[in-house]
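Before anything else, here is the set of structures, which you'll find just below.
Shared chain: subunit A. Partners: subunit B in the first complex, subunit C in the second.
Moving on, here comes the complex of A and B:
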């Protein structure tokens, strides 16, 4: 494994009594897209601001290229940031915005011009060079912010909620474009997001945070398939969680005794939940399955449908149904008796998150 | 306020009547008689004295009074332009206004930035102190400054060359006008997006470069508005100037006052009209600048 480009070592940050970050240790690798993911207030933005230098960790170190950054102010750090509001300077043209960072480095005009032109080409803003920011759309302003940061050839590009200010359609397009851009320029991206689908779609690795703590750091597939705890399972994608009691066999109130396949990993102590994603539950349109249920809303989504069913104790769960099976369900009245079966080989038993 | 209460009435009335007699739209109010009347009265109240002043600056009255129209003439503009005392007073006023505006804006901008940017002990107290000259009666401030100058022996010796003979007046004017400039500039600063500052730093700018390249351009409309305010405050100040001017330094308002005591001639009207014109032009120019600078 290559040397990490950023090392976050045991970083904690306190604002008075409030703990924003607690003992975070993360290595960012060269050339990857790394996502800091979590609900608002989880500390992900604070961590990003610590890397950029706008916040100083209360304890712990941040190393960039092996050099301790504690004493280095933001304007001397080899990282650049794309802000949530883009923070494009309103009184400067697109060109002047992009040139600003290079000017601050003391570069001469003749050196700056070709770099600016190249950066603007890279984000497809070549013909907008002379425009003022208020003549640009939100998406174009974001590109200015991207070009302005990338033209400095940072070791790492930091992105704070890069897509949250864009409308849904543009957001999907920009996801792909950002990934392409990253591959083109080859620098590591560290992005903050609260949108799990965004993180799953874009990132090579994701750190899931909650209440200032790192809950799990893994690649998207591992996060989805093997979440570390109930919080991560719930936050990433759709999941049904059941409180379980007893051991081998487990008992869930709504489901009865559960025989897990041999070799399943089970945490040794503490309160546990069984997590199973909607696609690993099979819905029978009749009562032939082992667990009886009542049909609820059928959420048709085209390729799949997400169906709500109510178990015997009144608990509602989500089940994913393939396109072909949907018409049969839609023909049934609301509350029709159906049944489900669980694929327990794809279920996991997890610790309750609030440890 | 008047509009909201009316719309509420209209809304209350509408269900009883037919659907078509809805509330009036926002522009329909312009057709209401009472609203037109209010508009007319306000305009008369504000501008009738100025219109009278301007009209009578062209009055061909011989002497004194200047209340009966005796025919059109521009003589008094010529006479005002030849009145060397009036011209000197006018020149003094302009000089004082320009210099005190310059200092007021610089001082006001610095104060505004300090109050906006930093947290320090006793800050609310400091904020109050800065705003105090705005509410202290002018007469008190005038007396206070006069007493202060004389107590510390800061008087202007006779024969001091121009414009140094205006120093005391300029200092006094800065004292009362810079808090206004500070207020206006601070209001502008409230709309500054702090991410702009961070973005500039992130791109390698030092504190000073952030100030020069990012914050100052943002402040520009506030600086212009503050300057305009300071300039007009200085130009028409009578009370404080009266207390701080020496025997041989006369400003325009003080000169006009002494001329009025003698008799109200159209000459004063003419001079005042010119002053109004100058102020209007300056305001127009400043507003022009402001819309240019405030692209977002």
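Moving on, here comes the complex of A and C:
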């Protein structure tokens, strides 16, 4: 494994009584897309701002290329940021915006011009060089912000909620384009997002944060398949969580006794939940399955359907159904008796997150 | 709320009082002054409108022209001082913590709650030859003199025989200090509003791209608050131009501005037509300044969009 580009070591940040970050340790590797993911107020933006130098950690260190950044002001750090609002200077043309950072490095005009042209070409804004920002769309302004940051050849590009200000369709296109751009320039991206699907689709690795703490750091597949706790399981994708009691076998109120496959990892102590994703629950359109249920809403999504069923104790859960099986369900009346079976080999028993 | 557009009686009920007020107390006096400005004194108390241009041509006489230039220069210099002092003040307030802001703004507005005459007399007390500033300086001078004496140097040769007070009153410096003091809130508030509207991330983006704090101030903060600065300059400059009390008291009759001379025409000199012509000329100057500003901002907007 190559040396990390950024080392975040035991970083905590307090604003008065409020703990924004608590003992965060993360290494960012060269050439990866790294996502800081969490609900609003989880500290992910504060951490990004600590890397950029706009906030100073209360304790702990941030190292970039092995050098301690504590005393280094933002204008001297080898990282650049794409702001959530883009912050494209409205009184400068596209070209002047992109040239701004190079001018600050003391480059001559003749050196700057080709670099600016190349950066604008890279984000497909070549013909917009002379435009003023208020003549551009939101998506184009974002490209200016990207070009402006990348032209500085930063060691790491920081992106604060890069897609949140775009409309849904553009957002999907921009996801792919950002990943392509990253592969092209080879610079590590650290992006902050509250959108789990965005993080799963784009990032090589994801740090899930909540209340200033790091809950799990893993690649998207691991995060989805083996969440560390109930919070992560719930935050990433869809999941059904059941409080369980007892040990070997576990019992859940609405499911009865649960025989986990041998070798299943189970936390030794504390309150536990069983987490099972909708695609690992099978829905029988009759009462042939082991667990009886009543049919609720069928959410038809084309390739799949997400169906709500109600268990005997009134608890509603989500079940995923393949396209082929959907018509049979749609034919049944609301509240029809059905049944489910769980694929317990794909379920996990997790600690309750707020422990 | 839209009904006033369609119902003429509702419209009139809302419109008539303010319209009547403006006609009676603004338009009518202005018309009278306008007529006076083309008039001549026919007796001690009567003015006849003869449509003469003599009152206006007198403004171009060197003595009066100098007076106008002096007013423009004093107001211009005071406005620049206001901008230089006011911008940092506005910046401090705009970047202060939320709980502090209302108190700091209050401190800026507080002087308005005291009568201008009283504040100006207070300035006389501070700036006079035996005022607070000079007695403070004199105290320092005496200590310095004694100290030099004590270490055996010839204090008189270095610092002179007596303390020489700095003379403010009756000089440009005194009037400028007075004008700046009175009008500073007009400068601070529009700049503060412009700074408050500015998204902080522009400044962070500039720093992030490698600009120093000073460079960010010069290349991002100032250009992006230019509209506020222009507004501040204009609403500071225009009332300064018509200042009466400040130059009257702090200028001691030696640094007259237009308003002081206009007052003299209406009272001592009993030349109402000339006073009227000067008043209107001041109004025209103000209009021209506003027109230039409007034209400039139109062109700026035209260049952007």
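Everything that follows uses one rule, which is that the second predicted complex is superposed on the first by the 355 of 355 C-alpha atoms of A that agree within 3 Å, B and C clash if a C-alpha of one lies under 4 Å from a C-alpha of the other, contacts with A are read in each partner's own complex, and residues count from 1 in each chain.
Quick note on the criterion: a contact is a pair of C-beta atoms (placed from the backbone, for glycine too) under 8 Å apart; a residue touches a chain by one contact, two chains touch by 3 or more.
These numbers come from a predicted model, not from an experiment.
Colleague: So, on subunit A, is it clash or fit between subunit B and subunit C?
Modeller: clash
Colleague: Does subunit B (first) or subunit C (second) touch A:54, or do both, or does neither?
Modeller: Both partners, subunit B and subunit C.
Colleague: Once the shared chain is lined up, is A:75 touching subunit B (first), subunit C (second), both, or neither of them?
Modeller: In the superposition, A:75 touches subunit B and subunit C alike.
Colleague: Looking at the overlay, what does A:175 touch: subunit B (first), subunit C (second), both, or neither?
Modeller: In the superposition, A:175 contacts neither subunit B nor subunit C.
Colleague: May I ask you to decide whether A:205 touches subunit B, subunit C, both, or neither, giving the answer as first, second, both or neither?
Modeller: After superposing on A, A:205 lies clear of both subunit B and subunit C.
Colleague: Between subunit B and subunit C, which residues of subunit A are contacted by each of them?
Modeller: In subunit A, residues 52, 54, 73-76, 80-81, 83-85, 87, 89-91, 100-101, 104-105, 132, 134, 145, 148-149, 152 are touched by subunit B and also by subunit C.
Colleague: With touch defined as at the start, can you tell me which subunit A residues reach subunit B in the complex?
Modeller: 52, 54, 73-76, 80-81, 83-85, 87, 89-91, 100-101, 104-105, 132-134, 145, 148-149, 152
Colleague: So in the complex, which bits of subunit B are touching subunit A?
Modeller: 193, 195-196, 198-206, 209, 213-214, 217-218, 293, 295-296
Colleague: Across the complex, what residues on subunit A touch subunit C?
Modeller: Within the complex, subunit A touches subunit C at residues 52-54, 73-76, 80-81, 83-85, 87, 89-91, 100-101, 104-105, 132, 134-135, 145, 148-149, 152.
Colleague: For the complex, give me every residue of subunit C touching subunit A.
Modeller: Touch residues, subunit C against subunit A: 199, 201-202, 204-212, 215, 219-220, 223-224, 226, 304-305.
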